[in-house]
Amino acid sequence: MNALAAYQTSSGEAAQFWVLAIFAVAGALGTVLMRRSVHSALCLAGTMVILAVFYLANGAYFLGVVQIVVYTGAVMMLFLFVLMLVGITATDSLKETIKGQRWWAAACGIGFGILLMAGIGNAGLKDFNGLAAANKPGNVHGLAELIFTKYVFAFELTGALLITAAVAGMVLTHKEKTEKPLSQREQAANRVKEGTHVPPLPAPGVYARHNAVDIAGLLPDGSTSDLTVIKTLRDRGQIRDVSQEAVNDLAALENRTSAYQGRTTLPGQAQQDHQRAAAEGADKAETEKEVTK
Amino acid sequence: MSFPLLTATAALPALGAVATAAVPAEKRTVAKWLALLVSLGTLVLAAIVAIRFDPDGARFQLTESHAWIADFGVRYELGVDGIAVALVGLTALLIPFIIAAGWHDADPLAEKTTSRWRPTQGFFALILLVEAMVVISFLATDVFLFYIFFEAMLIPMYFLIGGFGDRAHQHGEEEAGRQRSYAAVKFLLYNLAGGLIMLAAVIGLYAVTSDQLGSGTFSLQEILQARADRDLDIATSTERWLFLGFFFAFAVKAPLWPLHTWLPNAMGESTAPIAVLITAVVDKVGTFAMLRFCLGLFPEASQWATPVILVLALISIVYGALLAVGQRDIKRLIAFASISHFGFIVMGIFAMTSQGQSGATLYMVNHGISTAALMLVIGFLISRRGSRLIADYGGVQKVAPVLAGTFLIGGLATLSLPGLAPFVSEFLVLVGTFARYPVIGIIATVGIVLAAVYVLVLYQRTMTGPVKSGLEKLPDLRVREVLVVAPLIALLIGLGVYPKPLTDIVNPAVGHTLSDVGEKDPKPEHDARGGDK
Amino acid sequence: MESLIGLLVAAPLLGAAVLLCGGRRLDRTGHWLGTGLAFLSFAFGLVLFTDMLGKDGEHRALHSHLFSWVPVGDFQADVAFQLDQLSMTFVLLITGVGSLIHLYSVGYMEHDERRRRFFGYLNLFLAAMLLLVIADNYLLLYVGWEGVGLASYLLIGFWQHKPSAATAAKKAFIVNRVGDFGLSVAIMLMFTTFGTFAFGPVLANATEAGESKLTAIGLMLLLAACGKSAQVPLQSWLGDAMEGPTPVSALIHAATMVTAGVYLIVRSGAIFNGAPDAQTAVMVVGAVTLLFGAIVGCAKDDIKKGLAGSTMSQIGYMVLAAGLGPIGYVFAIMHLVTHGFFKAGLFLGAGSVMHGMNDEVDMRKYGGLRKYMPVTFVTFGLGYLAIIGFPFLSGFYSKDHLIEAAFARGATQGWIFGSVALLGAAITAFYMTRMMLMTFFGEKRWQPDENGELPHPHESPKTMTIPMVILAAGSVAAGFIFNLGERFVHWLEPVTGYEHGHLPEPLNVPLITGSAVTAMVLGVALAWVKYGRRPVPAVAPRGNALTWAARRDLLQDDVNHVVLVRGGEHLTRSLVYLDHKVVDGVVNGTAATVGGLSGRMRRVQNGFVRSYAVSMFGGAAVLIAATLFMRAV
Amino acid sequence: MNPVNYLFLSALLFTIGAAGVLIRRNAIVVFMCVELMLNACNLAFVTFSRMHGNLDGQIIAFFTMVVAAAEVVVGLAIIVTVYRSRHSASVDDASLMKL
């Protein structure tokens, strides 16, 4: 490997580069284009391993190993863990929702890539020293010397950063219950204390007028009780109010009955009676609602 | 180091504003009296400044100077010349009247004992805050210091315009709120735009001074001195650009045609005392600054721009008067009349004669007083009837003769009747302009005819004729209201008959300004005074 | 003595202040206070007059410097008075007639609940008018000038509840303002030309300034005089001004204020002497107004408007005389004084008639009043004789001299203006006779008023008749006294110059006097034929086109209305529209454009992180491109 | 072969990673693309190290890795938290700042 300090690399390395580079790029493309995130993660892992090989080829032995152990081993595993948490089967819809996003991304990407490469090509990087001298005492040795002398403060800071990150990770993901959950008894006591609905909710279908779930049942006094409708519908405001229709139907029915039986109740009067009852019922229902709130 | 009188004059209302704002919610009356007392105290301080000021002494007196932002040469520099004394006096004089006139303007509509909302305290605190800022703008001799308060004034004014309007509005409360916020935003945007352009010019000035003097400075006195010693010689084109930057801001504030359209909205939608505050006090900073900064800092450019500015001023005069004739809303009418008057002031300043500039300074004072008198009476009238439309009034003279009488005197002052103060200043401006620009002077004189038209048409439509239905029970002025208006009228007459104390203070300052610009009064063709004087 | 000059003004000014600020407490006594102060001022005037008579002609002028008013640089305006013979004449006329009219008003305004204020305004007028005539510079004169305008405005519009009165007052003030424009410009011209505008230096050095300057000043002064003295083309306000109470018409719109223009021209004689073109303009204005007023006077059925036309015409005479130069100044002033007597008397008589006739002003509804109001009839009759120039009454002397002076001008101008003056005399006789016949002679044409009551004409109370009698005596005797030994001429000579005796060409004075008397007789005869012999119809006949036009003030109001009022309305309305749409529109348009653009730009801010990332990425690409480009260059 | 080719590869990978950040919506994949970009940078650093003949470039790459590790910890923790509250790992759903 000492021969690397040349302007040209060895042909072995060249062959290795051209073969692996293709795979690296393919892996990168796979990361971006795979629908399933697990596949993306695996592609990325592949690319990282190839990069580790490149590091080794470039004389960065320590980094190559670290790349495999830390990156491919630990970080990618972390990704996979999170993928498990979030749902491994989740597939991304590849349909773009933002108008023009793909085109812009493609244009910018291609433009950026071409410009960057043109920049590198233009840079005139003729100076190629190789690491033979630097790696003489051993790569790890050289790195350690630099880290613990020249970059010691940066190193200490990264240490602090890592600790902070660890703490942050714990704080963010940890959800602690600070209070004991209330028992049923305590909940009941609270209800009484707050003066909200003390007795149990009316059973569904109390004096039901209808078998649809969104129609409130009738209370004994003829008014409707919204509490008989399930909470979801109540919250959405989807209670169907047919009380007046029902009352009118009832009035008509009674009238017909009276007429059939030859009773003397005036139709209008009966209707009025019912309407009054309905109105009182509505009032009561309103007060009830307020109480519930 | 003697007692910092000028700082005290500006600081007292500022502290008063804080104290007023801190008064508890239910003690509204305390807040009102506190604000009134503070404004009266400021008046006393202003009077002491006027007494201690020696007209024949140095140009800037009672000066105070402290380093402030040393890195940029910004100093806390205060000083008064005669013009500033006159205008500080005007401000300190008018604020108590504004406060007294607006006594009930900010009372909450319904008594809410638990409310933490304190509109009354806020209203009076904001007025005092504006006073403090206006005073310090008049006193500042450091361009940067001036700029800060010139701009900061917008904040309390914005709230005063947008937050407190007339109780009654012909289109209902909701529409009134919309109009009000429109007016407030318009006021803010116009003045902000002007101010930002000025900021660029202020920075440009700093760049020029630091380039030529070694260290940059904003101090007016230093710049004047350097200019006199020929250390500072701003390149012609640079000077013109800087001048335009300054002038634009002041022309918006003044307001000069065609930058005037914010004024009718702002004056129309705010309550009468605030309308007075806008036109009689705050706008004066613009014309004052033209006189002090535009002419002092950029004499050559001022001369260069004079023809255009005079024409704009002339358009303002005639245009404002014509539009006043066509208004249907009383307050907007007064606003357009004010635009016409500001045209006179600007014309006087740029006529570059001692008559013109002394006249313009007197005009600022007199216009303040006369507009205050007229506008406050109109405010009392509007608060009684609840409408600003001229068509809703008629025959007021019969039911409320005192109100009509004071209204008429205010109106006559607005049309510059000889014997009342505005006549002196208007005639001086006209004479001063005529001496150098006869044609412009003559056309401007047409303004006095138009002034008669709009004032008398307004008086005729509102005060005379048969009593309009709904006005039969209109109460006449109450004691508080008479107390507000009577001193103003007395001042109008007093300054109309004996303006000499004021001219004595103003004349030397105008002389300095004229020598800054390097202009002398034109000599009469056949001096006939030889043996006589 | 000098301090008395200030008191002349101070007395009525104090009255005005006390009466206007005094409140209801003074309602019962206020009018006597006002009248007393007017008489006090008259007394001061008399004291000063006797003092003045005791001095040599050239040294009679008094000067009094009160204080420096507006000192700014070269502009030095002082509050200073100058009382010379010309001013003295006016002071006596103003305070004398003024006091009488105060007295008259005590009776005339007895039933008006706002009488106190009326006297306040009258006092204010007296103060302003006195200030006008005793000021020693043009700027102070201007103060008095506008002051009388204000008083006139307040008094014309005294019955403000009548829209017609309010409109008339406004019109008077605004038209006067047009005149004031002229006075302002004249003062400015004086300041730039002479460096001062005090009478002394300006008039003494007038000849030094070039003729063109003097002409400009003169024309501007003429414009001012036209406004105040109701001369064509600014005459339209005077007829409407009759909406005011009659004493006001007598004092302000006949005897004193409207003659201020004549005072101004005579006072500025030195300027006009150096500007022949301006003088010609003055004469033309005078001559035109003379005929204009006379023609209008012939057609009016409203007694006060008829008298107003007459006033206009008589002031036309004075202006014409003032335009003649030093020859005419004295006669202008003399006619002014005699006119002050008889016209005030006539107005007071008219007021007395109206007082008796339930405020009816239409002469066609009068008739045969001489039996019911003997004192009024006699005093009115004497005034009538004086105005038509009946021999040896005051109007005869003053008008006759005036016509002579016009002819003395010589050449074509002299003939034209002389003939106009003669024609005017004939028309004057015609319309005054018509007025006399319609009011006091013929049968009763009384109409019930709106309450259905027929008027009960009766003689007016003493407070009203006494002033009428005094004024009638003045109209009879003043001319004769003034003319005795050319007394009036010698009195004014030091002010107006001495040239009146030196007529440029020999004139046939008896012939001119004869023609004037003949013209008068012709006018009276024609009127008698038309209105004396036949009964006067109670409803005005249609008449010919000239009558129709004359009834409408020769259409001048219509022209004003169409050109100025309508035009002005359209102008202001379109300007209001423009201001809203264009001036404001530009700014609002800018705001709307910025708002619209921002609305578009806002869509870029769609809230998606990826979208922002694209822009970052694009930005990075641009940065690289820029770096490469810069390196390449 | 010229070692500059490593740099071209690095640029290519970086661009691909960036494009992935732009077009993917799953937060985790976006994150992986960020990692790809970081790795591309590391490759460049290592190559530079070799070119210059000293180890400073490798040190920088080393630090990058440490920081990336820290970033991954925090970033994934955030993703998990967001997922808990919104039941979605799509970056487009976190658009509360949109008007």
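Letters are used for the chains, namely A, B, C and D, taken in the order the chains are written, and counting of residues starts over at 1 for each.
Here is the rule we use: a residue touches a chain if its C-beta (ideal position, glycine included) is under 8 Å from a C-beta of that chain, and two chains touch if they have at least 3 such contacts.
The shown structure was predicted, so the numbers you read here are calculated from the model rather than taken from an experiment.
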item	value
Nearest-to-centre chain - CA centroid comparison	B
A-C or C-D, whichever has more C-beta pairs in contact	A-C
Chain centre separation in whole Å, for subunit C relative to subunit A (CA means)	91
Distance between chain centroids, defined by C-alpha means - subunit C, subunit D (Å)	95
Geometric centre distance via CA averages, subunit D-subunit B, whole Å	62
Rounded Å distance between subunit B and subunit C, as computed from the means of their C-alpha atoms	37
For subunit D, residues that touch 2 or more chains besides their own	18, 22-23, 25, 92
Shared-contact residues (touching 2 or more other chains) in subunit A	98, 101, 104-105, 108-109, 112, 116
Chain-to-chain touches, reported pairwise for every pair that qualifies	A-C, A-D, B-C, C-D
Subunit A-touching residues of subunit C, taken from the complex the two chains share	606, 608, 610-611, 614, 617-618, 620-621, 624-625, 627-628, 631
Touch list for subunit A against partner subunit D, complex	4-5, 7-9, 11, 13-14, 17-18, 21, 24-25, 28-29, 31-32, 37, 40-41, 44, 47-48, 51, 54-55, 58-60, 62-63, 66-67, 70-71, 74-75, 78-79, 82-83, 85-86, 90, 92-93, 96-98, 101-102, 104-106, 108-110, 112-113, 116-117, 120-121, 125, 127-135, 139, 142-143, 146-147, 151, 154-155, 158, 161-162, 164-166, 168-173, 175
Interface residues, subunit D side, partner subunit C - complex	18, 21-23, 25, 91-92, 94-99
Touch list for subunit C against partner subunit B, complex	20, 67-76, 79, 139, 142-143, 145-147, 150, 153, 157, 160-163, 165-167, 169-170, 173-174, 177-178, 180-181, 184-185, 187-189, 191-196, 198, 200-202, 204-205, 208-209, 213, 568-569, 571-573, 575-576, 579, 583-584, 586-587, 591
Sites on subunit D touched by subunit A in the complex	1-9, 11-20, 22-26, 28-29, 31-33, 35-36, 39, 42-43, 46-47, 49-56, 58-59, 61-63, 65-74, 76-81, 83-84, 89, 92
